[in-house]
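In the two assemblies presented below, chain A is common to both, partnered first by chain B and then by chain C.
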Partner chain A sequence: MIAAMRNVTKLYGRNYGVRNLNLTLPAGEVVGLLGVNGSGKTTVLKLLAGLLVPTSGEVSVLGAPPRHNRARIAFLGETDALYRWMNPRDAERLMSGLYPDFRPARYRDLLDQLRVPGVKAGAMSKGERMRLRLAMSLARDALLYLFDEPLGGIDLVSRERIIRSLVAEWRTDATVIVATHAVAESEGLFDRVVFLDRGELVLDARAEDLRAQGKSVRATFLEVLG
Partner chain B sequence: MTQDWKLDMDLGPIYRQIVRHVQQAIARGDLNPGDRLPSARALAQQLRVNPNTIVHAYSQLEREGLVETKRGLGTFIRSDVTPAASRHELLSAAARRYAQEVRALGVGRAEAVRAVQEVFDDRSDA
Partner chain C sequence: MNGFKTLLWREWRSAWGWAVGLIVSLGGWTTVVISIQTGQPEDRFILRTLVLFAAGIVGMIILAFMAGRLHQEMKRGENRILILSPVRGWVHIVTRLALPVGVGWAYLIGLGIIEWWAFGRLGAHLGTADVLQLALAYPSFIAIVFVLPSLAWVLLLVMFVSAFRLSRLGWLAAVAMFVGTPTSLIYSGVNTLDHHLPTWHFTAGVTAAMREFGMEGSIPVPRIVHSGDIVGAILLTMLLVFLAGRLWEEVEG
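And then the complex of A and B:
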């Protein structure tokens, strides 16, 4: 087991970020964390990354609080924090300095695979910047990868490349969680889908089981959350 | 060959659609005994689906006696597989589904066969 959440509640003032959430994440799974904006997806990822502390309940990664295992967690946040002057080579130096598990050879492969241009981040399109950030994350030898909307608001070609790289880099010893509302493009990627609605878990199912009942993940999403 | 494989998320589990693609390719003679299937990872990347799903499809094909996995070498179409047998099996399965529909409508054999002939005639006219 890579990570678990037990009866986790996170309050922001008097508002629920997530409410009484239970989730177990075994190794080798690609999990789609699905929900509309404000449903609590980002809160779940940040709790697992150790960037937020639950108000009540317990979050564990590799059997310990997430902040004890930061070195095994790769978190790709929704906000683009790349420096405008930074090109992919600068990013490599930065990542090598920050993370002992960063693999430069894999990073260069990923830059190729994702066709990231060798220019400054400030001169890249939104999709290209996302591809660069994804290469930076996937080049780490983490056991828990957390991606917040890696497919949001970017061009179709970037989306396809990102999905293909996520498949290519899939490992049996790691868990990948992708929070997204781009359900139609990404549903084939997921072993399992977790639906959130206003901070509560409303469905946790195997994607193939949903399709065996004659409904795509997309159709189920519209039915449950629409 | 796998380039033509299409998936439709509204048409049941992906693993079953892949099994069907392989069965049809064998029936058409596009895949022959001894041919190697793409690795699970390569096919997963091409179809943009989870590699676990491809592994599931391949193990189902193995259970059906169509492929065998050789450790470290890959997944191959078995030497005792013939296109004629595969074709016949897929065709009878389709015929059984049709017969079931015919029975549900309370239609007789002659009328059912005539309906099939009409469909073929329509297609050749078009």
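And then the complex of A and C:
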């Protein structure tokens, strides 16, 4: 088991971010975390990353609170958060110094694959910055990868590159969770889909079971949350 | 992996403009000091001393802003890559403290050298020991006793403000506020031990210069400084860094 959430509730003031959520995440799965805006996807990812602490309930990664296992968790947040002065070489130096599982050679391969320009982040487009951040995350040997809207606001060509990289980096010993609105484009990625609505889990299903029923993830999304 | 070295490098990449700007500003202060040419040497001595005192205050404000950049980084989410790393919180805080304190120290020594040079042009003749006290020992004393804990306090405040969504460790807030009271109990506690500790004549250069102009006693400069001040400042800084480091590890993002 890579990660688990047991009866997790997160309150923002009086508003629920997530409510009584139970989730187990074994190794080797690519999980699609799906829901409309405000459904709690980002909260779930941040709880798993240790960026948020639950109001009640328990979150564990590799059997311990996420903050005790930061070295094994790779988180790619939705918000653009790169230092403007940082170019890909600076990013490599920073990641190598801070994360023991960072693989510089793999990172350089990913920069090529994702066609990240060698300029400062401040001079990059949104898509280029996202691709750089993705390369920084995927170049780590983490056991839990958390991607929050990796395709958000990204052009079609960049989306293709990002999806190809996600597929190429799939490992049986790691778990990947992707929260996205781009259901149609990324549905081929998922082994399992988890649907959230207003902070509550409404469906947890294997993608192949849905397909066996003649349903696509997109159609299920519209049926459950539409 | 060397978190400390990497974070020090990151701090330099982020803040070198502030550091260089502050050191270059010494040229500006020198120009201002040179431009004070009217009046008796005693008057010029006072005016030049006041200008250099103002330079010290301005420098301190700039250093506080330099350390306080952390707040903007947290608001923009730039520091998430740092928060998610397994490097301990106090290492992040120490590296953010080291650069402004180092720059502040160099800046104060620069002001000390300008002071010595300006006094020399006014006709003061200081011995080597007095010059070293004036340009090196006294600025270093100010850096340790004033700059170091003040900037550590700025970092703790910034962490506290940024961590308003503090998780489960609300007690830290109370401790932080307690430590933040301007007259720390640590100071008073350490000062009671003063008579067991050696005293220093770091101000000898300043008092010698004042004597040269027949102004000894006109500006309240202590003849000796106490080890208790130095020990207290270092202990206080360590405590502030520890608290800020814990906040760093608990902050939600």
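Rule of thumb we're sticking to: the second predicted complex is superposed on the first by the 226 of 226 C-alpha atoms of A that agree within 3 Å, B and C clash if a C-alpha of one lies under 4 Å from a C-alpha of the other, contacts with A are read in each partner's own complex, and residues count from 1 in each chain.
Methods note: a residue touches a chain if its C-beta (ideal position, glycine included) is under 8 Å from a C-beta of that chain, and two chains touch if they have at least 3 such contacts.
All values reported here derive from a predicted model rather than from experimental measurement.
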item	value
Joint occupancy of chain A by chain B and chain C, clash or fit	fit
Partner chain(s) touched by A:L189 [first = chain B, second = chain C, both, neither]	first
Contacts of A:E208 with chain B and chain C, given as first, second, both or neither	first
Partner chain in contact with A:V30 - chain B first, chain C second, else both or neither	first
Where the C-alpha centre of chain A sits as vertex, the angle toward chain B and chain C in the overlay (nearest 10 degrees)	160
Partner chain(s) touched by A:S216 [first = chain B, second = chain C, both, neither]	first
Least C-alpha distance (whole Å) that remains between chain C and chain B when both complexes are overlaid	28
Common ground on chain A, meaning residues reached by chain C in one complex and by chain B in the other	none
List of chain B residues in touch with chain A within their complex	7, 9-10, 12-15, 41, 44-45, 47-53, 56
Chain A contact footprint on chain C (complex, rising order)	1-3, 5-7, 9-10, 13-14, 76-87, 167-168, 249, 252-253
Interface residues, chain A side, partner chain C - complex	46, 49-53, 67, 70-71, 73, 75, 77, 79-83, 85-86, 90, 93-100, 136
Chain B-facing residues of chain A, complex	28, 30, 160, 163-164, 167-168, 170, 184, 187-191, 207-208, 211-212, 214-219
